[in-house]
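Scroll down for the structure; my scribbles are underneath it.
Read from first to last, the chains carry the letters A, B, C and D; within each, the first residue is number 1.
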Amino acid sequence: MDGNEKAQHNRDAFQIERVILFTDAVFAIAITLLVIEIKVPELEHPTEQAVQVVLAHLIPKFVGFFLSFFIIAIYWTAHHRIFRFVRRLDNRLLWLNLVFLLSIILMPFTTAYQSEYSLLRTPWILYSINIAFTGLMQIALQRHLSNARHKLVAHPEHEHPDLDIARPLMSPVVFISSIALAFVLPPLALRMIPAVAFPLLAFLNRKRHKRLTAAYHGKHGATVLA
Amino acid sequence: MDGNEKAQHNRDAFQIERVILFTDAVFAIAITLLVIEIKVPELEHPTEQAVQVVLAHLIPKFVGFFLSFFIIAIYWTAHHRIFRFVRRLDNRLLWLNLVFLLSIILMPFTTAYQSEYSLLRTPWILYSINIAFTGLMQIALQRHLSNARHKLVAHPEHEHPDLDIARPLMSPVVFISSIALAFVLPPLALRMIPAVAFPLLAFLNRKRHKRLTAAYHGKHGATVLA
Amino acid sequence: MDGNEKAQHNRDAFQIERVILFTDAVFAIAITLLVIEIKVPELEHPTEQAVQVVLAHLIPKFVGFFLSFFIIAIYWTAHHRIFRFVRRLDNRLLWLNLVFLLSIILMPFTTAYQSEYSLLRTPWILYSINIAFTGLMQIALQRHLSNARHKLVAHPEHEHPDLDIARPLMSPVVFISSIALAFVLPPLALRMIPAVAFPLLAFLNRKRHKRLTAAYHGKHGATVLA
Amino acid sequence: MDGNEKAQHNRDAFQIERVILFTDAVFAIAITLLVIEIKVPELEHPTEQAVQVVLAHLIPKFVGFFLSFFIIAIYWTAHHRIFRFVRRLDNRLLWLNLVFLLSIILMPFTTAYQSEYSLLRTPWILYSINIAFTGLMQIALQRHLSNARHKLVAHPEHEHPDLDIARPLMSPVVFISSIALAFVLPPLALRMIPAVAFPLLAFLNRKRHKRLTAAYHGKHGATVLA
C-alpha cells in the first residue's frame, strides 16, 4: 500500500467505525432511557411505610425494565459480534442497520406500555412484535453480510458460524409464539415464557454453534478468525 | 513523514473524528428522544379495550415519530457521506456543523408539536421550517467543503458528485412548498406531501447523480474515491 | 506481523474500544440524566421570593445530585483506570461489564427516590444497595481481569496495584454499613456517612496503594506500566 | 519505538481519547436535553389560534434555549481547541475535566429555571453563576495544561496562545457583572447583556490573540502547531 491507498483505507475503516459508534450511542441511550420510565411518585404524607408501598407498586415496572435491559444488551452483544466482520459498507447495510436501530429505539415505549399494564394481553403483544421485529432485522443484517456477492465481509468469514441465523431466529420464534399463546394463557404467564424458552433454546443453539465452528475450522483451517 | 509530522497528522485526524463523533452523539440522542415524546397514558380502569383505544389515539404520534425518524436518519446518512471528504477543519466548518446540529436538536420538539396537533396547519408549518432549515444548513456545509480555496477536501474530491447540492435541495423544496400549500390543502393532506414528493425527486436525483458520477470519473479517472 | 495479522490485531483492538466507548456513552447519559430529575416547579404567582423558596425546596435534590454525580464520576475514573489493561475480550468480561452498567443505569432512579424522601430510611437503603452492588461488580470485573488464566491482560499487569480490590471494596463497606446504621441513626445522619467515611478510607488506601506499587515495581522492574 | 513501546504509546493515546469522547458524549446530551425542557402544552380545544398562542408563550423558553445552545457550543469548541494539546493525563486533569462537565450538566436545569421565570432576577443570577463557574473551570483546565512542570503538553505548546486565559475569562467577567447589575437593571435587560458584551469582548480578544500568535511564532518558529 502506498500513502494514498493507506489514507483511503483509513478513511474506509473510519466510515465503518462511525456507523458502529453511532449504533452504540443509540443503544446506550435506549438502554438508559428505560429507567426514566420508572418515575418516583410524589406523596403528600411520606412515611417509611408509604414509600415502601410506592416501591412495591413499581415492581412490575422493574420486572419490565430488567427484561428489556437484558434483551437490549443481548442485541448489543449480537451487533458487537457480527459487525466485527464488516470490511466494507454499502447503502443497504446502512439502512438495514438504521431500521434495526428503529426497533431498538421503540423499546423504551413498548417496555413502558407493557409494564404499565402488566395484567393485560394487548401491551404484551405489541412488545412481542417489537422484539420479534428486532430479531428479524438482525437476521436481515446477517444475511446481507453473509452473501458473498456483496463483498462486505472478507472471504471466508461470510461462512462464519457467528453469521448463522439460528441464534437470531430464537427471539422471533419465542415472542411470536407468545403472541399466539396470548389468546390461551393468562397475561402474567405470558411474561414467564422468555424466562423458560430462552435457556432451553440457548442450550440447543450452543450445541449447533459448536458443530458449525468445528465444520468451519475443518474447511478453512485454524488460522481463520476464532 | 518523520515522527513529529506523523504525530501532528494523527492529531489533526483525531480533531476531525472528534467533530464527527460529537455530531453522531447529538444525532443519536435526537433520534432516540423522539420516542419519549410518546407517553403511555395512565388509565384508572385498564381493560384490553381501553389500552387498545389508548394505542389508537397515539397513531398520529407514531406517524410523526416514523416521519422524523426517517428524516433524521436521512440527514445522518448525508452527514456520513459528505464528511468522509473532510481533510482539514476550519472555524467556519465547525460552526456550520453546530448550527446544522441545532436544527437536528429542535426536531424532537417540532415533531411533538406537529403530531400533537395533527389536524392543524400552524404546527406543520413550524415543522416544515425546521426541516427546510436543516436542508439549507446541509447545503451550506457542502458549499463550504466544495470550495477549493478552503482546502478542506483533497483535490479533486471537492468536485465529487456527493457534494452536489441537488440532493440536499430536495428537502427544502418539498417542505417550503408544503408551507405554501398549507393555505390551500387540508392539514392531513399536508402530511402526505413528503411521502409523494420524495420518491419522485429521489428518482430524478438518482439519474442526475449517475450522470455526474460518470462525468467525474471521466474527468479524473477511475482511481478517485467512488 | 504481516498484513493479515495486523488487520486482525486492529480488529481486536477496535472490538475492545467499542466496549469501552459504549460503556462511556452509558456513563455519560446516566450522569447527565441525574439533572432531569430536578424539575423546575411551576408557580402561579412567581415573585423573587417565591422562586427563591422553590429553589430552597430543591436543596435535598441538589445534595442527592452532587453525591451521585461524584459517585458515578468515581466509578467512571475506576473503569478508565482498570480497562486500560484489557488486551482481549471474553464473553464473561462483556457480561460483567453489562451488569456493572445496569447498576449505573439504575442510579438516576435510586438518586431521585432517596433525594425526594431525604428524611426517610427506606430510600437510603435502596440507594445504598445500588451503590454497594456497583462496587461489587467492579470487584468482579477486576478479579476476572487479574486472573492470569484468562489471559485478558498482558503479563505481569494482572498483578498491577490498580487491580487490587481494596479500593473498590471501600464503597460496598461504607454503604452496607450505612444500611446497618439506618436502624440506629436518624435518616439525615445517614447521608453524612459517605462524607465522613470516604476521606478516611481513601487516606488508608493511598498508603496501601503506594506499598503495593513499590512491591510491583520491585518485582517486575521500573519499565512496566506506571 | 519497538513493539512494546508502540503498544504502550497507543494505549496512552486511547486513554486520552476516551476522556475526550466521554466529555463529548456529556456535551452532546446536555445540549440536546435543553430542548426537552420545552414541552408542547396540551390543549382541550386546539385551534390554529390556540396553538399559535401556545407557541408565543414558549418564546422566552426558546430565547433561553438558543442562548444556552450557543454557550454550550462555545464551551465545546473551546474544549475541542484546548484538548488537542494534551499528550499525557494526570489525575488532576481528569477531575478538573469532570468538575467542568458538572457545570455543563447543570445547564439544562439553570436554563429551564431562568427561562421559566424570565421576568425575575433570582433565576438569572443562578444561571450566571453556573456559566461563570464553567468559565472558571475552563481557566483551571488551561492553567493546569500550560504549567510546563506537569508535562501534559509537548514543549513549547504550553505557551500556545490558545491556552491564554483572556478568552475563557470573558464569560465569567460578563456573567458576574450581570449579577452585580441584577440589582440595578430590570430583569429583561439582564438577558441582553451577553448579546452586547460578547461581540465587543470577542473583538478585543481577537486582536490580543493575533498579537500572541505572532509572538509565539516569532519565538518558536513557524513549524510549531498553528
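Here is the rule we go by: a residue touches a chain if its C-beta (ideal position, glycine included) is under 8 Å from a C-beta of that chain, and two chains touch if they have at least 3 such contacts.
Nothing here was measured: the structure is a model prediction, and the numbers come from that model.
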item: From subunit D, the most remote chain by mean C-alpha position; value: A
item: Magnitude of the superposing rotation for subunit B and subunit D (Cα, nearest 5°); value: 90
item: Same-site or different-site touching of subunit C by its copy subunit D, using the half cut; value: different
item: Euclidean distance of C-alpha centroids - subunit A vs subunit C, Å; value: 26
item: Rounded Å distance, subunit A centre to subunit D centre (Cα mean); value: 37
item: Where subunit A touches two or more other chains at once, by residue number; value: 21, 25, 28-29, 33, 36
item: Complex interface listing, subunit C residues touching subunit D; value: 13, 17, 20-21, 24-25, 27-29, 31-36, 38, 40, 42-43, 46-48, 51-52, 55, 69, 73, 76-77, 80, 84, 225
item: Partner subunit A, residues of subunit C touching it in the complex; value: 8, 10-11, 14-15, 18-19, 21-22, 25-26, 28-30, 33, 36-37, 94-95, 98, 101-102, 105-106, 108-109, 112-113, 116-117, 119-123, 126
